[in-house]
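These are the structures, in structure tokens.
After this come two complexes, each holding chain A, first together with chain B and then together with chain C.
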Partner chain A sequence: MAVEQRVAERMAKDMKEISISEFFEKNRHLLGYENSTKALITIVKEAVDNSLDGCDEAGILPNIVVTLKQIGVDRFKIVAEDNGPGIVESKIPFAFGKMLFGSKFHRLKQSRGTQGIGISGAILYSQLTTGKPAKIISSTGGKIHEFELMIDTVQNEPSVASHITHTNKERWHGIKIELEAEGNYIERYQSIPEYLRQTAIANPYAHIVYNGPNGTLKFDRTTNIVPKQPKEIKPHPYGIELGILRRMLAMTRTKNLRAFLMRDFTRVGSRSAEQIFRLAKLESSRKPKSLDAEESERLHKSLQMVKLIAPPTNCLSPLTEQLIENGLKKELNAEYFVAVTRPPSVYRGNPFQVEVGLAYGGDLNPNSAAILYRFANKVPLLYHQSSCAITKSVEAVDWKRYGFQHPNSSVPVGPLVILVHFASVWVPFTSEGKQAIATYPAIMKDIKLALQDAGRKLAKFVRQKKQARDKQLRRQLFERYIPELAGSLSKLTKKEKNSIISNLEEIIKAGGSRISESKKIKKEKEE
Partner chain B sequence: MPKKRTEKKLVGLGEDVLKDIKQKKNPKIEIPIRSLSNVVYDEKTKSLTLGDKVSKRFFFNVAHAKKFMQTMMVAAFCKELLNEKIHTSLRDMYYNLKHTISNSDENTFDEQRESDPIVIDLEVALDVLREQLHLSADVRGRAVGNVTILDRGDTVNLAKLGSGGYAIPSNIEDIKFKKVNAKYILVVEKNAAFERLHEDKFWKKHNCVLIGAQGQAARGVRRLIQRLSNEFKLPVYVFCDSDPYGWYIYSVIKFGSMSLAHVSDRLGTPHARYIGLTISDIEKFGLKDFTIKTRDVDIKRAKDMMKYKWFQHPAWQKELKLLIKGKRKAELEALSGRGLRFMTEKYLPQKIKNKEFLP
Partner chain C sequence: MAVEQRVAERMAKDMKEISISEFFEKNRHLLGYENSTKALITIVKEAVDNSLDGCDEAGILPNIVVTLKQIGVDRFKIVAEDNGPGIVESKIPFAFGKMLFGSKFHRLKQSRGTQGIGISGAILYSQLTTGKPAKIISSTGGKIHEFELMIDTVQNEPSVASHITHTNKERWHGIKIELEAEGNYIERYQSIPEYLRQTAIANPYAHIVYNGPNGTLKFDRTTNIVPKQPKEIKPHPYGIELGILRRMLAMTRTKNLRAFLMRDFTRVGSRSAEQIFRLAKLESSRKPKSLDAEESERLHKSLQMVKLIAPPTNCLSPLTEQLIENGLKKELNAEYFVAVTRPPSVYRGNPFQVEVGLAYGGDLNPNSAAILYRFANKVPLLYHQSSCAITKSVEAVDWKRYGFQHPNSSVPVGPLVILVHFASVWVPFTSEGKQAIATYPAIMKDIKLALQDAGRKLAKFVRQKKQARDKQLRRQLFERYIPELAGSLSKLTKKEKNSIISNLEEIIKAGGSRISESKKIKKEKEE
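Entry: the complex of A and B
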């Protein structure tokens, strides 16, 4: 037997399937647990994101309480409770104890979570660092179920340690999760309070209470209107990738290509379908599953060539300009606020919408780099700022035009907070930690347009303010010199000083300070 | 010019400004520009004068406001000097006018550098001399000779002032000449040469007025030369180092200076002649061993001067070329190399006798 063959056979013996839980156990940085400071933030973030999503779907005004207690040198107990719809008893172990189990992956709809990894990742981290099970208490209004469970990482299955039920006289509904985990607690910059503060800016209809190790923080709701539930949509043909199209062709329940295009896609009508078939040279009655590689490629090309209306916007739930301004005003003491919501656009067949808010002046530090708040589907992004499409777009805008210093390839300098919200049915994160948006050109372009629009509005305000200040300074300058000038003139001409002063002041009142502004006067030349 | 007229001009300046204010106009003063671009060499009068470019200074202009105020302060100050009949220096004026502006932390003047140019602005704008505004310039230079003057009530005989001679004041306007007995005026750039000529009683022997400029001639020295030569028809001979610096001193006495082009007509002496030293003298008087190597700045200066309109005479062009080519220059002291009395007994008498002057 040849050496190669023996090696290959030995290797074949070692080959086996690895479960997704096992994979993430070894690659926990992909989930946002690479260090103990970030781990605590990620746990809170996963719990709060789930709570907000649940309340949104049920149309409930969210009340969320997060409690963090230090119970050892580097050990913390995290409790997160909401008033959402809760989870039915039978699904509780899977929702929390199995990776990639969830309701959101196979649909196109704007929501915070998508893949069913987040909260089970938190439980996995907890059991890896403390060996303790997680406690989940939930009710949909009937009995209260209390589970203690761990994740069997080899099987990717929940293993329930205990399950007890309580009566529920108050008809409480919601979820309460208790975890113990190793961690390191901080309160500045990228931290739990900062995460919750930014969450409150983007979700002003939520009431969030945080009982931290150093006291309680409350974020009151500023509006009682639950945003409209975004509609679930079918993909739009523009920008869809060939691989996805082939998968859709293979999995569709429709009987012919015409039905496939009109039912499985959005914005394809009978006329545009005919056009597509003509371009692709395909029969409309063909079975979708029967297309060969070359035919599906032709179909893919034709889909991009026909004129289609943009995807419907009811699948998106933007913050709206009003809410962005309110959110910023609530948390920042600035002088000027402006917000811009762009019309929806499409990348890779996915509708998305960009919103920008700017806060300027006031208490903001005029000499430091602008502060950037990044949001994706209303969730604050705290890490990986430099690799995010939002940061790159901010850097690519020419802020000097709007009166800011702008060091090469970095954010502008000035008393400025830049908020960017990216809303989409599918946010293209660069990793499962969900901290940075991938730099698709269509996305970058729209973010830049929104920033420029807001920048222009801000620049107008800044310019007006500067003009008013300059005018004031000019006036003060003249007023300062008037008494000396009048005194000298009085000595020269023997006229009364006070009447000269009042004459000069009259010229200022009549707009004398503008005389020199409008006329270009040749600068005096000295030797 | 009588004091009355100077005062009238100052008052007129204030009244013009007041008229603008009453008409609710942006008050302005017009000041001829003194930069090099506005300095013209007048062939007819043989002097440097100002062209007709004028700058306007407005009060209601952020860039002008303070200077406008300062100009009026200096004008008012000068009017008071005239009324009180006192003279003072530029530095005294600066200290007198400097104070903190009320309700601010700003000074009327921060440095003397700010007040000095305003005096020149007024000289130009009102066409008066600084001395007529009762502001004195540097006092430098001295004179000896058979001249008797009346200076501030004292009768002074310039022949009887011992080894020091008469210190030439800044203000020559009020001096009266009682008796002048001389054939010409000899102006000497350097102090050492003045001392030599004075000790040797050169002025007595040759019956001239001897004036020591001590470097660049102060305004008083220039005015005294002008008055003496104009009022008594005396030729003027200037005696400087043979280098671009010395020659420029001569040209300032003759034509006026670029920085004071506005007063050339009252400070310049167009018929002055240059007696020496020249580069040609080095050969003629055997001074070769006592010359100095030129520095780069000398050559650069000489090249600049070759372009000046008032140095276009062939004789001067020749001297400048000789200097640039030979790269040697000579100081007055070089004459001492031929003997301590060579200058008094040989060089100057020979030059004057043969009328060896440069124009």
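Entry: the complex of A and C
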């Protein structure tokens, strides 16, 4: 046998499937566990994100309690409990002990989690660093189920160590998860308190209690209104990929192309459908499954050429301008607040919506770089700021136009906080750890537009403020010389000095405002 | 039924497994397909990396031909062929049409690919953007097998459209892959030619031909020696995680702890084993499976406390200092070249080795930021430079000590090319697209040490060059005044002018070298 053949056969013998858990066990940094400080934050984040999603889903006002206790030099016990709908008994082991398992991946609807990786990743990290099982306690209102489980990484299946049930007289529902993990605890900058503080800004209807190693932090709810639950939608034809279209054609339950377009997509009416068929040179009565490669491609091209209205917004749950302003006002002592919610847009068939909030002046440091709060589907992003589409969009805006210093390829300098919320049925994160948004051009464009819109409003305020100050200065200057001037005029004209003074004061007031008005108009024309 | 229960049951019904192919279909940016320019580069990279790995594995001098042809406005046909060992018939569909499938994931040995994701990712992107199957032709020397296949993303299984066989009179072996994909072609900066050029630097034994849209590029091999094939090793006890240790204890075939430590790990001899057992207060005759959680933890701690020699280097295949210098000399017209290969080190139980090459002066621009070539297991990294451990290490070194300008948190400025090669049995990439190395502290530390070592050598050269120039200038200055001075001295002393001139010249020569010697010693002490 030739050497190549022997090598090929040896390699063939070694070839096998790799379980997704084994993959993330080796690549735990992809999930946010590259160091023990970040690990603790990631665990808390995964638990809290799931709790908020669960409560949203059931329309429950969230009550979340997170407890973190140091139990060794570099070891912590983390407990997170919510009052959500809970998980039915049979699914508990899989929801926590199997990766790529969940209810949110296959639907188009805004939610915090989607991947079915987050919380099982936390359990994976826990067992990797401490060798101990996780404890999951849950009830949907009936019996309380208590599981101790680990992940069998070779199989990517839950391995249940124990399962006991408790009676539930109080009809408690929710999830409580207890983990031990290696960690390092900090409270400043990128930290659990900071993550919870920003979470509270974007989720003011949540009540969150944090029992940390140095005491308790409470984030009270500032509203009792649960945001309207977003609706699941069909994909929008814009930006849908040919490969996805072909799979949809092969798997649809519809009998003809007309029904396929109108039922399996959003925003295709009968008139648009007719237009598409004309462009694609296809009969509307054709069976979807019967289209060959070339015909599918024609259909695909035509879908992009027809004018369709934007996707419905009810699959999205924006923060709203009001809430952004309130959230910033609660946290920051600034002079001016402005928020902008853009109309929804589409990338790769996925609807998304961008919101921006700015806080300016007051206690904010005028000489430091602007502070950036990034959110994706109401979840604060604390890491990987420099590789995030939000940061790159902030850097790409010309902040000098709005009166800020703006060093090349960085954020502007000034007394400014910039909040950006990206809401989408599918957030394209740069890694499974979900800390930065990928730089898709369609997304960057919308973030920039929102920033510019808010920037213009802020600039107007700053300008008016500056004009008011200038006017004030001018007036003070004139006023200082009025008595002297009036004295001279009085001698020349033989009129009474006091009436000259009040006349001069009148002139200054009127002239000042006339000047600033005309300047303002000129400046706006320049923009 | 309470609302929570209804919601929980509805959610339970929606819960299901997510296939890894579906996951990457939605998250194709994780694999390097976030835009159509990068997509073409990624496809070529995945094919070439696999070809080089295959040839290495069989000890074959690689002949690789890549052809890229534009066949539509934004559509390309990519063909990549090698002379490697090929893949046995039964495994072809899985190696190309199933994600997380491969021979390299479970072993500890340096190779370019490891994840079993790369080439199937290219096929996934191809079918997503064109809806067309990929063609795979392979032989191990017997019959030639030709497959047309796609990936069934719902199942993560290959879907074979056709399979035909050809006779193979010439006993060809290798793999040829043909894909169509959406793309955008460029030839500058981050591009296919640049990727191949850097690949040729790190793989001088490979012959690579590239038939691009604008003509043919040839990269001839500069050596006929295939690097020694690295050996598979057992894990090293340093940095191994408790969870992994517990799994190893549960799954080992050894009968007692003594055999477990000595056979399932590298670098544990009988003396180290005894030491470990003493520290862990465990009997060496204990059955590995019998250890409880607490005992495993004691064993784990003790493993980290015993002094063990570094892991064997034969699992790694460094470029070598010689090859780095040759590679840089071939590509760059510089004045001075230096290379440093560090001794191997360990992170999380994985051996790794860092190499650095510097090229200085000559045609390199003295006023621009240093150019950085990053390599991981001989593969050039073109993207995500700012988030890579290599870049962060370069930024963290104090280049001012080596005579360079060094703006805060960026690369140094000067006529400098910095090449860094990170070789490991497991490279912790920041995403599946494998373009940047995660910032593990142990890795950053070793890269910095290698950079500092090379930096000191370079600084010595730069200093000597500067001293030589200073000396030269000094001499020229003195020499200009010697005749005049000698004339005056001659008049004063009544000695012959010419002999005074030659005496003065002697003094200048000796004095010059004495001065520069003492300066040199002083400077080195400062370091």
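As a convention for this text, the second predicted complex is superposed on the first by the 469 of 527 C-alpha atoms of A that agree within 3 Å, B and C clash if a C-alpha of one lies under 4 Å from a C-alpha of the other, contacts with A are read in each partner's own complex, and residues count from 1 in each chain.
One rule holds in what follows: a residue touches a chain if its C-beta (ideal position, glycine included) is under 8 Å from a C-beta of that chain, and two chains touch if they have at least 3 such contacts.
Nothing here was measured: the structure is a model prediction, and the numbers come from that model.
Asks: So in the superposed three-chain picture, is A:Tyr440 touching just chain B, just chain C, both, or none of them (first/second/both/neither)?
Replies: second
Asks: Thinking of the overlay built on chain A, is A:Lys471 touched by chain B (first), by chain C (second), by both, or by neither?
Replies: neither
Asks: Could you tell me if A:Arg298 is touching chain B, chain C, both of them or neither one (first, second, both, neither)?
Replies: neither
Asks: Once the structures are superposed on A, label A:Lys497 by its partner contacts, choosing first (chain B), second (chain C), both or neither.
Replies: A:Lys497: touches no partner chain.
Asks: With both complexes overlaid on chain A, does A:Glu241 touch chain B (first), chain C (second), both or neither?
Replies: second
Asks: Tell me the contact category for A:Lys457 with respect to chain B and chain C: first, second, both or neither.
Replies: In the superposition, A:Lys457 touches no partner, neither chain B nor chain C.
Asks: Who does A:Phe23 touch here: chain B (first), chain C (second), both, or neither?
Replies: Only chain C; A:Phe23 stays clear of chain B.
Asks: Does the superposition put A:Phe94 against chain B (first), chain C (second), both, or neither?
Replies: second
Asks: Can you tell me whether chain B or chain C touches more residues on chain A?
Replies: C
Asks: Using the touch definition up top, name the residues of chain B that touch chain A in the complex.
Replies: Interface residues on the chain B side: 10-11, 13-15, 17-18, 21-22, 24, 26, 31, 33-37, 55-69, 72-73, 75-76, 79-80, 101-104, 106, 108, 117, 259.
Asks: Over in the complex, which chain A residues touch chain B? Could you list them?
Replies: 474, 477-478, 480-481, 483-485, 487-489, 491-493, 495, 500, 503-504, 506-508, 510, 512-513, 515-516, 521-527
Asks: In the complex, go through chain C and note every residue touching chain A.
Replies: Going by the criterion above, the answer is residues 2-5, 7-9, 11-12, 14-20, 22-23, 25-27, 29-30, 34-35, 57-60, 84-88, 90-91, 94-95, 98, 100-107, 115-116, 127-132, 140-142, 153, 171, 173, 241-247, 293, 296-297, 300, 384, 386-387, 426, 428-432, 438-441.
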